[in-house]
Amino acid sequence: MSPTALSAIIAELESSYDPAWAEPWDAVGLVCGDPAQPVRKILFAVDPVAAVGGEAVAWGADLIVTHHPLYLRGTTTVAAGTAKGALVHTLIKNDIALYTAHTNADVADPGVSDALARAVGLAGPLRPLQPSPDDPRRGLGRVGELESPMTLRDFTRQAVRGLPRTTWGLRVAGEPTRVVRTVAVSGGAGDSLLGLGAVRAADVFLTADLRHHPSAEFLQSGAFGGGPALVDAAHWATEWPWLPQAAELLASGLAAKGINVETRVSRTVTDPWTTTAQCED
Amino acid sequence: MSPTALSAIIAELESSYDPAWAEPWDAVGLVCGDPAQPVRKILFAVDPVAAVGGEAVAWGADLIVTHHPLYLRGTTTVAAGTAKGALVHTLIKNDIALYTAHTNADVADPGVSDALARAVGLAGPLRPLQPSPDDPRRGLGRVGELESPMTLRDFTRQAVRGLPRTTWGLRVAGEPTRVVRTVAVSGGAGDSLLGLGAVRAADVFLTADLRHHPSAEFLQSGAFGGGPALVDAAHWATEWPWLPQAAELLASGLAAKGINVETRVSRTVTDPWTTTAQCED
Amino acid sequence: MSPTALSAIIAELESSYDPAWAEPWDAVGLVCGDPAQPVRKILFAVDPVAAVGGEAVAWGADLIVTHHPLYLRGTTTVAAGTAKGALVHTLIKNDIALYTAHTNADVADPGVSDALARAVGLAGPLRPLQPSPDDPRRGLGRVGELESPMTLRDFTRQAVRGLPRTTWGLRVAGEPTRVVRTVAVSGGAGDSLLGLGAVRAADVFLTADLRHHPSAEFLQSGAFGGGPALVDAAHWATEWPWLPQAAELLASGLAAKGINVETRVSRTVTDPWTTTAQCED
Amino acid sequence: MSPTALSAIIAELESSYDPAWAEPWDAVGLVCGDPAQPVRKILFAVDPVAAVGGEAVAWGADLIVTHHPLYLRGTTTVAAGTAKGALVHTLIKNDIALYTAHTNADVADPGVSDALARAVGLAGPLRPLQPSPDDPRRGLGRVGELESPMTLRDFTRQAVRGLPRTTWGLRVAGEPTRVVRTVAVSGGAGDSLLGLGAVRAADVFLTADLRHHPSAEFLQSGAFGGGPALVDAAHWATEWPWLPQAAELLASGLAAKGINVETRVSRTVTDPWTTTAQCED
Amino acid sequence: MSPTALSAIIAELESSYDPAWAEPWDAVGLVCGDPAQPVRKILFAVDPVAAVGGEAVAWGADLIVTHHPLYLRGTTTVAAGTAKGALVHTLIKNDIALYTAHTNADVADPGVSDALARAVGLAGPLRPLQPSPDDPRRGLGRVGELESPMTLRDFTRQAVRGLPRTTWGLRVAGEPTRVVRTVAVSGGAGDSLLGLGAVRAADVFLTADLRHHPSAEFLQSGAFGGGPALVDAAHWATEWPWLPQAAELLASGLAAKGINVETRVSRTVTDPWTTTAQCED
Amino acid sequence: MSPTALSAIIAELESSYDPAWAEPWDAVGLVCGDPAQPVRKILFAVDPVAAVGGEAVAWGADLIVTHHPLYLRGTTTVAAGTAKGALVHTLIKNDIALYTAHTNADVADPGVSDALARAVGLAGPLRPLQPSPDDPRRGLGRVGELESPMTLRDFTRQAVRGLPRTTWGLRVAGEPTRVVRTVAVSGGAGDSLLGLGAVRAADVFLTADLRHHPSAEFLQSGAFGGGPALVDAAHWATEWPWLPQAAELLASGLAAKGINVETRVSRTVTDPWTTTAQCED
């Protein structure tokens, strides 16, 4: 059987992650490679970086699907004198295409935050934190109920076990003995969602890249008027659970059309923090 | 001897932290209180929050000097139905003035990053990372040399011991055995300084609120072309060392004019993260 | 009977003057005071100024309701070294709350221009000059018919008697013997309404703060193609008639819920002009 | 002797009122007419309106010099169906040119506010309120000293006698018995100058088109920290004194070159307010 | 029979070319002249320039109707020292009105591109290239089918014969032997339409003012993925065919109301290029 | 002798065409390729298009230097499904680097317009039409004197012979018998330079991509007040003369450092217009 063209793989990906769902400022779709080239092996990763490129070359991948764009803002050069340009040269010379599903995967159903919600232990139905105006089943973030209430301490232990390991785990703001049931999550940087009503109404909000001022102001106003505990995880770790979900969705969708591809989920940790330090006492 | 008016205290503070040095978007100076009111006791803190207000009331402070503005963006209300408005009511009813030195303290000489540099073990001369155009001795961040080179692991152990304790300590990106000598630091959120030449040229850069994308892109391009290790500390912890420095500077300046005030540095931890979680294995 | 909480008074005010009706640039609602504090005495005034604050303290008011915002543009300080900050300190120290209903009161039904229209002698039905898109009974300005036509001279005499006295009364542009029947009015500065069709179609337009260029251009084009006479009154005088209307509306609304409050309308003239001068001949 | 070309008259006018001095948003210079046409009779007026056009036709003027632009904002039509277009047609058909000196005459030395200052009784040296960066003898507004101090009441009587009569004279904010010596003036709308240090430092500021909010806020902060009385005059009346000054300057400048022209200053009152009304009591 | 007022002519013109259809940045309608003046003779031209003004004076026209605005951007002067101002003076002194129908004539049905389509040989039904949202029969450009396919060489020969002659004729990008049937046209500058799907889907696109970069990029992407040939004609020549169409439409519309006017189409060539040069070999 | 690295070639190019001289909106420098790769053969061309890429592959070029950027506006993809992306893939797979010198070559001394000026017959000294503020010998466009005056007809014949042949040659606006001596030129699109004093003062201005409105308005005002004839040439033809100049400058600069490279100037015509059409008569 002749191999499948990249364009057919893309069509299947976009049936799950429609590029029209991406934010106006986002840059999704094919970054390099030829729509007509054959594709047999597909690697999934969060970040398009040199280590992931090396993994693709070593494995003989024809396509890398990443969550993060290589060039979120437009570039006028792909010269090999920079990390990103060097990756473009490596990929083109090795006939490896690069494809991105970013904010269109965030708002998809199922999407990035569904996978995150399942990873931290939510089993029942999920609703978007910020439903898309054109289809309320899609949207940013997810909120759902734990099967039974538990303490914040127990929830964070369960969450850290469900996420891929990073050197620093989770940071938590809230009374460990507080009982939580309604859990809001959002993969990736979550500062901008702190103002949502569905976040305010939850018992705990787990997300990434929370900074001092938004978090502290949120907690101050929460201390005053009620509000959820916060859990900060590694950006990479909150998006990684989407990779096996997306790989499975693609492979099964293609299989239904009689197309077989080999998929693989990269285990390369691209969280920047490689160690931690703390006082001994 | 009659007590000193708040206006005289402010004049002394502004001889060290000239409001004209603040960024155009910043909001520094007197937030509430009457310039004519007497001041005997002054509390220093990073954040103007309820716990700090309570500490001031309990101690009988006449003035709180904070690093962070209460209202960075303008407000049209101080009604007591919000955390910030409630603090304004508490302060005015208790005759406690509130004064902010923020980006003018950041760029002062000595300023916020001088105190941070000393806290993490830099003993020799310091230069700004981004010198002010009108006076190159002032500016954002500081860079200097360790007395003798050490491994990154040893430097981070030294740094975490020098800073006030938070639940999560430091996060480090870099090979622990790498030898470092030139150290760049910047109190508070440091994402926006990653592009500076003086940061690129250092062996390690310690700052706060580093997020996934700026850090990862910085490290990728550094891995490609050389570049420093990164250390992420709590925003609050990187600015706290300035408090005793500022208190001492104010007290000694006033004493030289025959004015005696009582100063106190708040030990309230306003970093949001109260616990952490990590897998056991 | 226990006193009523400020929050209940606000709820009643907002049933007449919904904050959602205010212009996006406006700043309405509670400026200082605690929603939980008890309210027995309410003072109504056009401007939140020191004299009005003094009147409130002397009378023992718990709440001042003003038409004009204290801080239309956001402030980062309420320090007592400025007129506005000093008023905030006075109010908070005396437990007097301050609440503003501005452009939401302008467009309400009944609202500021209804009261003005009645004050200058319009007895019949009134329509907005610029109906609100979502409810055409609300909107800026009002237009209606005099019961019987009269000369412009007679109309202005009637109007000046119906408005609170200022040192300079009314300024009129138009032939005194012109007969007028359709009268357009708008409380406060009316320059920006001169282009409305409903103003052009009236026989006379009474408003405030009319400046040379807009007025003269309006009259020139009117002289050319027909158009109304103009009457310029004091900004304060055109908005004052709303105060008794609002006080009555609030008191009766609360009474219907079994809540009794004492209301008072300030007679302090806050028009800036305290005298006039004219040649003797 | 052959008549003088319009271009020569313009050259003389621009030696006093350089178009380069005008604000970037202003529109000064020749509005209609041919630079080559002969000019014998020149009419000066504040506003380019139909009544002034009629006066020019009746007198046989070849040129009208006005202070206010006909089209401050650009027009794409001069069709005769509007007041302004009709004036253009009248002027072109009658070979009457129209020339404007506006903000370049405001900042000239001598300029509009010099004439105003003399009209209200200032006899000594005058300084701009807002000196031009490139020549501090020029600039907006003027400030000077009265020969001897007098009460505000006496000053306003003197001022109203010195200005051309309007129906409403002057409006005054300030204690009539206050003694004034330093007088600031600015022809035309003066709201935007209230923040100038030279205005704050004067005993009285006379200008035009003062509205409620800027005036009231100015007086409030003045009541708090000291500040001048305000006098509001008709926009037209504050600029009219410049007309004879400009006519004389032009005629004498041309005479020095052996050119004789006939000049005339229009007495048409273009203040919009034709009557006033006040309560009888 | 008394002559017809200009306002009646305008009303008839605007029944075909509604000013509301013009782009927001456009300037259409009456430029000079009096709506009440009588009109017997009407000259149609593409450009309002001196030669056309001279033609109107010589013929005794009362009105010129042009496609291009005299002042597309607003002017603050019509002084006779510039080409445009001199034309305004000539027209007003000779009682000749000037009226413009520009982008409202472009999108009309029939409009500028209908006339162009007919001139280059399209006989069947036409559709807009960019239909107006409010009425899809109107819109920019037109596309239609040739009665029978022909080579690009034959089409361009047919087109150049159908358009008024200029010194340089047509410039063509495409293989001369390519067979074309679907023809897209747009009168005036067509760079901005190259991205339209209806242009991409045609066999040839004829328009004006095509520049190197948009044309070359369009042809590159077309060479890659298929796309039309391009034909560049003189801007003036592509809009001239509308003149007789508009003259006929106006005259017949007026005749139906019993009004007789004399119309004339100017043959003045206002394309800038008066000669060409080419190597002899 | 080992081959030279691309980085050394770039350093030599940038000694003539400093990237800092480019406009802020421009995109110059290395587009693809590795600074460390060896370079022996260098192809110069105006446009980075497929035909030029094919020429480079066929000749075995290591580097293409073009005048026009491939991506003037940033791109987020170089996928091979577009003309530009396909070129990137071809170049990277064939180890051919692409380098652009655009507005930095326009303003260089010598630069694009020097070569153009020589090509059309200017032999003496040349000055920029718009001198660079930091070095007046550099700048956009050039102006100089012909050795002896000649008619416009003779000048255009001379110019068309000096430029590379296109299908349509030159278009000329001006009286053929007009005598010209001062000649202004600017390579590439010249609309935006029509307002320059040095253009107005010339006898003829030769440039490219002149459109109807700017040209016609320029000629109208010139007809009124004097002004140059205009000559419109192909954008590509006006910039091509720079290619041999740049190739020679680079080769001689490298030779002086003992580096030998082979250069070649592409003769591929990238003007879009492949044929013309004109009426026979």
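The first chain written gets the first letter, and so on, giving A, B, C, D, E and F; residue counts start at 1 in each chain.
Note that in this section contacts are C-beta pairs under 8 Å (C-beta built on N, C-alpha and C of every residue); 3 or more make two chains touch, one makes a residue touch a chain.
Quick caveat, the model's predicted, so the values are computed rather than measured.
By the document's definition of touch, common neighbours of chain D and chain F comprise E. By the document's definition of touch, chain C and chain F have no common neighbour. Interface note: chain A and chain F, two copies of one sequence, contact each other through mostly matching residue numbers (shared numbers exceed half of all numbers used).
Counted by C-beta pairs in contact, the busier of D-E and E-F is E-F. Think of it this way: of E-F, D-E or A-F, only one pair shares over half of the C-D contact pairs by residue number, and it is E-F.
The distance from the centre of chain A to the centre of chain C, each centre being the mean of the chain's C-alpha atoms, comes to 54 Å. Chain A and chain B have CA centres that are 33 Å apart.
A separation of 47 Å divides the Cα centre of chain B from that of chain C. Residue positions of chain A touching 2 or more other chains: 86. Taken as a graph of touching chains, this assembly is arranged as a ring, one closed cycle with exactly two partners per chain.
Across the interface of their complex, chain A is touched by residues 27, 29-35, 69, 71-81, 85-86, 88-89, 92-93, 97 of chain F. Contact residues on chain E toward chain F in their complex (touch as defined above): 47, 49-50, 68, 82-84, 86, 153, 156-157, 159-161, 165, 167-176, 188-189, 208-213, 215-216, 219-221, 223-224, 230, 232, 234-236, 270-279.
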